[in-house]
Amino acid sequence: MDFAKLDFDRKNRTGFPEVIFCQGKPDDFLVDIYKKMYDTQGQVLGTRASEHQYELVKTVIPNVCYDKISRILKATSEDVIPQELIGEIAVVTAGTADIPVAEEAAQTAEYFGTKVNRVYDVGVSGIHRLLDNVDTLNGANCVVAVAGMEGALASVVGGLVKVPVIAVPTSVGYGANMGGISALLTMINSCANGISVVNIDNGYGAGYIATQINRLATFHGEN
Amino acid sequence: MDFAKLDFDRKNRTGFPEVIFCQGKPDDFLVDIYKKMYDTQGQVLGTRASEHQYELVKTVIPNVCYDKISRILKATSEDVIPQELIGEIAVVTAGTADIPVAEEAAQTAEYFGTKVNRVYDVGVSGIHRLLDNVDTLNGANCVVAVAGMEGALASVVGGLVKVPVIAVPTSVGYGANMGGISALLTMINSCANGISVVNIDNGYGAGYIATQINRLATFHGEN
Amino acid sequence: MDFAKLDFDRKNRTGFPEVIFCQGKPDDFLVDIYKKMYDTQGQVLGTRASEHQYELVKTVIPNVCYDKISRILKATSEDVIPQELIGEIAVVTAGTADIPVAEEAAQTAEYFGTKVNRVYDVGVSGIHRLLDNVDTLNGANCVVAVAGMEGALASVVGGLVKVPVIAVPTSVGYGANMGGISALLTMINSCANGISVVNIDNGYGAGYIATQINRLATFHGEN
Amino acid sequence: MDFAKLDFDRKNRTGFPEVIFCQGKPDDFLVDIYKKMYDTQGQVLGTRASEHQYELVKTVIPNVCYDKISRILKATSEDVIPQELIGEIAVVTAGTADIPVAEEAAQTAEYFGTKVNRVYDVGVSGIHRLLDNVDTLNGANCVVAVAGMEGALASVVGGLVKVPVIAVPTSVGYGANMGGISALLTMINSCANGISVVNIDNGYGAGYIATQINRLATFHGEN
Amino acid sequence: MDFAKLDFDRKNRTGFPEVIFCQGKPDDFLVDIYKKMYDTQGQVLGTRASEHQYELVKTVIPNVCYDKISRILKATSEDVIPQELIGEIAVVTAGTADIPVAEEAAQTAEYFGTKVNRVYDVGVSGIHRLLDNVDTLNGANCVVAVAGMEGALASVVGGLVKVPVIAVPTSVGYGANMGGISALLTMINSCANGISVVNIDNGYGAGYIATQINRLATFHGEN
Amino acid sequence: MDFAKLDFDRKNRTGFPEVIFCQGKPDDFLVDIYKKMYDTQGQVLGTRASEHQYELVKTVIPNVCYDKISRILKATSEDVIPQELIGEIAVVTAGTADIPVAEEAAQTAEYFGTKVNRVYDVGVSGIHRLLDNVDTLNGANCVVAVAGMEGALASVVGGLVKVPVIAVPTSVGYGANMGGISALLTMINSCANGISVVNIDNGYGAGYIATQINRLATFHGEN
Amino acid sequence: MDFAKLDFDRKNRTGFPEVIFCQGKPDDFLVDIYKKMYDTQGQVLGTRASEHQYELVKTVIPNVCYDKISRILKATSEDVIPQELIGEIAVVTAGTADIPVAEEAAQTAEYFGTKVNRVYDVGVSGIHRLLDNVDTLNGANCVVAVAGMEGALASVVGGLVKVPVIAVPTSVGYGANMGGISALLTMINSCANGISVVNIDNGYGAGYIATQINRLATFHGEN
Amino acid sequence: MDFAKLDFDRKNRTGFPEVIFCQGKPDDFLVDIYKKMYDTQGQVLGTRASEHQYELVKTVIPNVCYDKISRILKATSEDVIPQELIGEIAVVTAGTADIPVAEEAAQTAEYFGTKVNRVYDVGVSGIHRLLDNVDTLNGANCVVAVAGMEGALASVVGGLVKVPVIAVPTSVGYGANMGGISALLTMINSCANGISVVNIDNGYGAGYIATQINRLATFHGEN
């Protein structure tokens, strides 16, 4: 860990503690970093963790929790006073296969203190499922729209709500979906207003931005 | 015209007379071909014609008609007995900029004897516009869905109707639409069932297939 | 299964029961969904199933059948009265390696009540093999043309028949086939009329559309 | 204009009046739409207008204003009471060639009632120019980062501010910039948090989203 | 012309005189090079010439000939003894729009002394047109297959003949043909044996290789 | 094997017996096809075979031979009279990693009766290695140039010889080589004359074409 | 010019004065910037200038010089003492069509004080032309290799010299050269050591880097 | 090893001994080549080696060293007199995940006799980390900038230093990073001067070029 520069001041600067991207981290390094952050901050969140990494971290932080769906690996010390969730965002998916990415977004936002409403499996091929949830969407300060295959969900949501839509293309699909590039292009070219896009499968990034917007809406820009 | 092989037998074989793709045809060649087909068949349809080509053909066939929107250049002799339009298809567009391609599809289908219902400017960013027209769509034997930008229209239509949807991506858009490739990918990756896709801006092709399906539905497969 | 929204009304709305895309479904979820649909509807069809998934489902539905070639996993209760197959479609392949996708198309169509004629291994590099089968193709209400590598089959078929051709590019090939993108582009750019295209390896989608067309032709648009 | 569906109710639904994308609109159509909206709403904003279009609209709305840089064509009746600009966003560019897109964003946001701070020509190849403006950026509720060529600006800005960054790739550049795709990919893959992306050259879209966020921050989520 | 290195020895080394790629050559340079080669060799062939370039060269070589279709600009002095054309190749096209590229191939081969059989407008959407010409193809030492759009012609020809097929993709088409990349991919991925491919619209290159093969076949490898 | 159409007449029609592309063939199918062809023709050649496939075929044809480098799996009955190799081609590689593809080409050509000269590891980064072998290249009726990475070898060879060069891009390389697409583009865009290209790693195809040319050169076009 | 931030201190910081990228600059802006830099520094260099821009600047700086080949627009006051050119670099091109880019590189390097050796039209299809100039290349501190089409030149040069090679892909070519992307990929994937690559047609960038290296070599790293 | 042409003279010609690219080398071949080079030169460097390859080589050269991070496999005989490292270059990374590529560059440069300063984990999302190291960068004769994801680091570094920057895109990232193509495009399109680019993950190539430049700077062009 002599090369890495852990950034414990980050929370002061940006309002967000550092989060660990677990995928590809060497075992020793991952255990060290979880231990150091847990000891210093009392809590750690990691994304894209494997079950193997969960087993490893559990050896040094026995109460660490692993969510198989979202692949989030979270440790919270008993000394940490639970934060009250504020405001409200909505996380929407086209299909059930998009749920892992959606949960990464939702649980990230919750870790950062945002209240989250989940609206899953409401893809545009059965448009009534989405229309049944318009009120929920309109109650949010920000909507995260998660979709793979052709990714059309974001455009329809964008036409239904007043608030910003963060579109997350997923790699769900096959053939000409090109690992999510197709859904990404769909969302970037959306005919609807109010839509901006993050990287393929980047639930974490969407949860982060939704939290930024939710805080601005809740704290009147005073955060 | 010594190299070209005009196919006057095509109507017998396939049930469709030959149609001229005007774009890029040398002037002399175009005039010759219109003249020959008009003299033989009494009618000619050309697609992607320019105003210049219209002026040229008018010198030999004075009653030729040019539609600036669809760029269709059509000549019909007075001797031709008007065909009754049969069955019904619907042609739907996302925006007004997609109308030229939609009209190429619609007028092609009409030339081939198909009754066409037009439902234009009902893109998904204002989903109520499309939902207001569901009954019209469900009355058709085939729906042609024409959309540029992100091309999400086809997926939503596919989820609303029982009949086949022919999706036509258009080159409408800018930036990452890559001349229509983005809309094409959207439609190919559609999460909805019953959708198949033709080339970018290929209104003619969609009108042709819609006619094939409409005839099968109308003539009980006896065409 | 609390997030997923099973759509038991779908058959009434679209004329087609829901079908399961097995690939990537978590084990528990897959077993639950097969059980629930089997109990409710008496039959279930799943595509892209693995042998492992077959073993799993067999534990709860002992008479489930798995076809290794098409990877279709189908369960039919004895109480279900066998449906008579109607009309006729043809499914054509370029090579033997395209047969898995073709069988997904054919068996899907059969599950939906369509009579299917198989014409396999008739690729254009030996054009006589295709020409020997022209009569079979012309007896169909719709032709599904399945081909990988350069995908030229669809264009030749399109020139031989009156009915719509649903072209299915496959990922068969290597090098510059780019996982099927090459065959997809070939089919989208076809010089022949009457061809529309579905996603790479999407046999299911082609079988679905062919059934839509076959029903329109058979029921005179009254389905 | 019989096909187009002007959406005068849009302001009630979304809080934003309709805006005209002028590029490619036929002359007659453009003049009609400007006239109708001006008569109904007292003001009209159009983007991507040409000088030729300005001349046309001036014939029916003499006080229409055209900004050559942003290509915005705006008409405001004297009866319209000037709106007070609220909150604050920042619009930042990498180079001078990115200013047209930035001005489209800035003037759009102003039209929608947002106060805008411009920070131009502060690209990362002279990083001190950007660092000199950190306080300005931190005073904003949202930062719009506009950059062509390699588009690195967004990542650096993202690391300097707490608020959401809307990244706008531009088509500025040559060679392997592929008309802005390179800058788009840079921004989508950004290592910094809090960045979401709109289409290439889509200043309008960025100004729209920045306004949504600015309103949420200013009205405490009560807009 | 001080930078350019004209290669008058090339004919000895490779058996082929130098040929001029006219497109993009500055006017002065083009005239100089034609003059110098004409004076030295008695004949010059240029490809991709414009009418403007024809007019220019005619001022110094009055008997220069320009073929508008192939865009070949050829000058032959009266002192040059006409060469007898040897062997036989076939040049085949899918459509009439491919003829300019085919003529570049054919006239190049003829300039290099090869006898050429032209078989044009025999695309695979009307396969009987090609089958009617199988004997002609089988009489050739090499077949040049020229096709745009989906470029399927090469595969069918490859399955019908014993000799090498040089496939030339053309930029003819629109939409997803991507300027000829689609036809190029088709030909590279061909399921037929004996096919190799040159660059898009590279009729010259195909005529050159066909001549190499024709000479080997005619001179028994003694050329 | 009821779907596959083995083509025992192929040798009469094209002068080449059928060859098996082993990769991806199901085990049962592969064994059957080897057995049937061996019994009928006395010899079988397969390409892209795995060691596992070798073990399988050996159970029914004990004297089958497997070459680990080229992955060619060949069986020849003792009753087959060895053919004399005729003419001469050269197979050239840029590096040692390209040798597997080169050997597929060379051994295919030898199976078809062609004499082959191997010139390996003569890539352009050490140009003297290639120049030392110019005489060998010039003695061939056709040169097969095999190269991965940037694939520059083909252009240099093309400038050194009179005979046709069949260029084979390989997937050797990493990063922006895109699985061989980079080398393919290099070869297609070659500035040298006389170069045509086959698919990435398609040694078999190059060996086939080289044999066609070698036969034409050796038999004076009488094959 | 109120938005632009001219950087007169740049020469002190980086050792290089600012250079103007003329292409796309509005007329007024260009004239202003030339005037201001000329008055301040006594000399200005601009790249990618048009003849129209030359005429404009001449109205305010009558002794400005325009080179039609390189499109460089340079103004030098009589008060500027001519700099002695130091060290030596070589600029090499594959063809004559690459010379404009090469001249941009060479004249940029000369403006920055570097002595330049030009070696043009030595592409790899006639390798002897390059080999004849090896001594010149080996006398340079850096070689700039400029090539379009397949761009193989850089690899061969890289294998012949000890010093760094700056490879410049050009957009010269047609068809699958994709505007220079093909040459760029060739150079990035080069099998030779010592090659690094700049953007397509970026002669200026190559001249800049070559000057950096030449100064390090000449001033012993003391610049 | 009969096909490979080991190049023991390379050090005299280019100043660099041959280095082994281990990835994909067959086991026998790798052991042979290490043994032969070790016996001849007393030292061998290999890149992209696996642990398995380390174990293999250790059987014949017991003192061979393997660095798991850089994957460099190096053997140095005790008879080799340690070289003094000369000059100075800097190797900079954006994140910790880029360190393997950076170490390949650094250790390659050290093997070739260059002194290396490492500055790791200073990506642009926390720009202060880079600014804190400007003095180190300015003390180098060349900077190697290693970055994945969006690769913005190179542009910022380019604006801070006088010496050439060798940019190395890495495959670090996910989604639309396309295996490093995104970072490669960023670096090729950089708005900063003095940046040239090598292949994705090509640390070796960057270490090689940095050594060439460092030698020129140190030996005053006399190397």
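Every chain is named by a letter (A, B, C, D, E, F, G and H) in the order it is written, and numbering of its residues begins at 1.
Operating definition for what follows: contacts are C-beta pairs under 8 Å (C-beta built on N, C-alpha and C of every residue); 3 or more make two chains touch, one makes a residue touch a chain.
From a predicted model like this one, the values you see are computed outputs, not experimental measurements.
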Common touching chains of subunit D and subunit C: A, B
Lowest number of touching-chain links that must be crossed from subunit B to subunit H: 2
Whole-Å gap separating subunit B and subunit C, where each centre is the average of the chain's CA atoms: 27
Inter-chain centre distance, subunit B versus subunit G - centres from mean C-alpha coordinates, in Å: 51
Chain centre separation (subunit C, subunit G; CA means) in Å: 58
Of all residues in subunit A, the ones touching two or more other chains: 126, 175-178, 181, 184, 188-189, 193, 199
Complete list of chain pairs which touch one another: A-B, A-C, A-D, A-H, B-C, B-D, B-E, C-E, C-F, D-G, D-H, E-F, E-G, F-G, F-H, G-H
Partner subunit F, residues of subunit H touching it in the complex: 3-5, 7, 23-24, 29, 169, 171, 179-181, 184, 199-202
Subunit D-facing residues of subunit H, complex: 94-95, 123-127, 131, 149-152, 155-156, 158-160, 173, 175-178, 181-183, 185-193
Touching residues (chain side subunit B, partner subunit D) in the complex: 96-97, 99, 118, 120-122, 126, 129, 172, 174-178
Residues on subunit F engaged by subunit E in the complex (per definition of touch): 13-16, 87, 141, 162-164, 166, 184, 188-189, 193-199, 205-206, 208-209, 212-213, 216-218, 220-221, 223
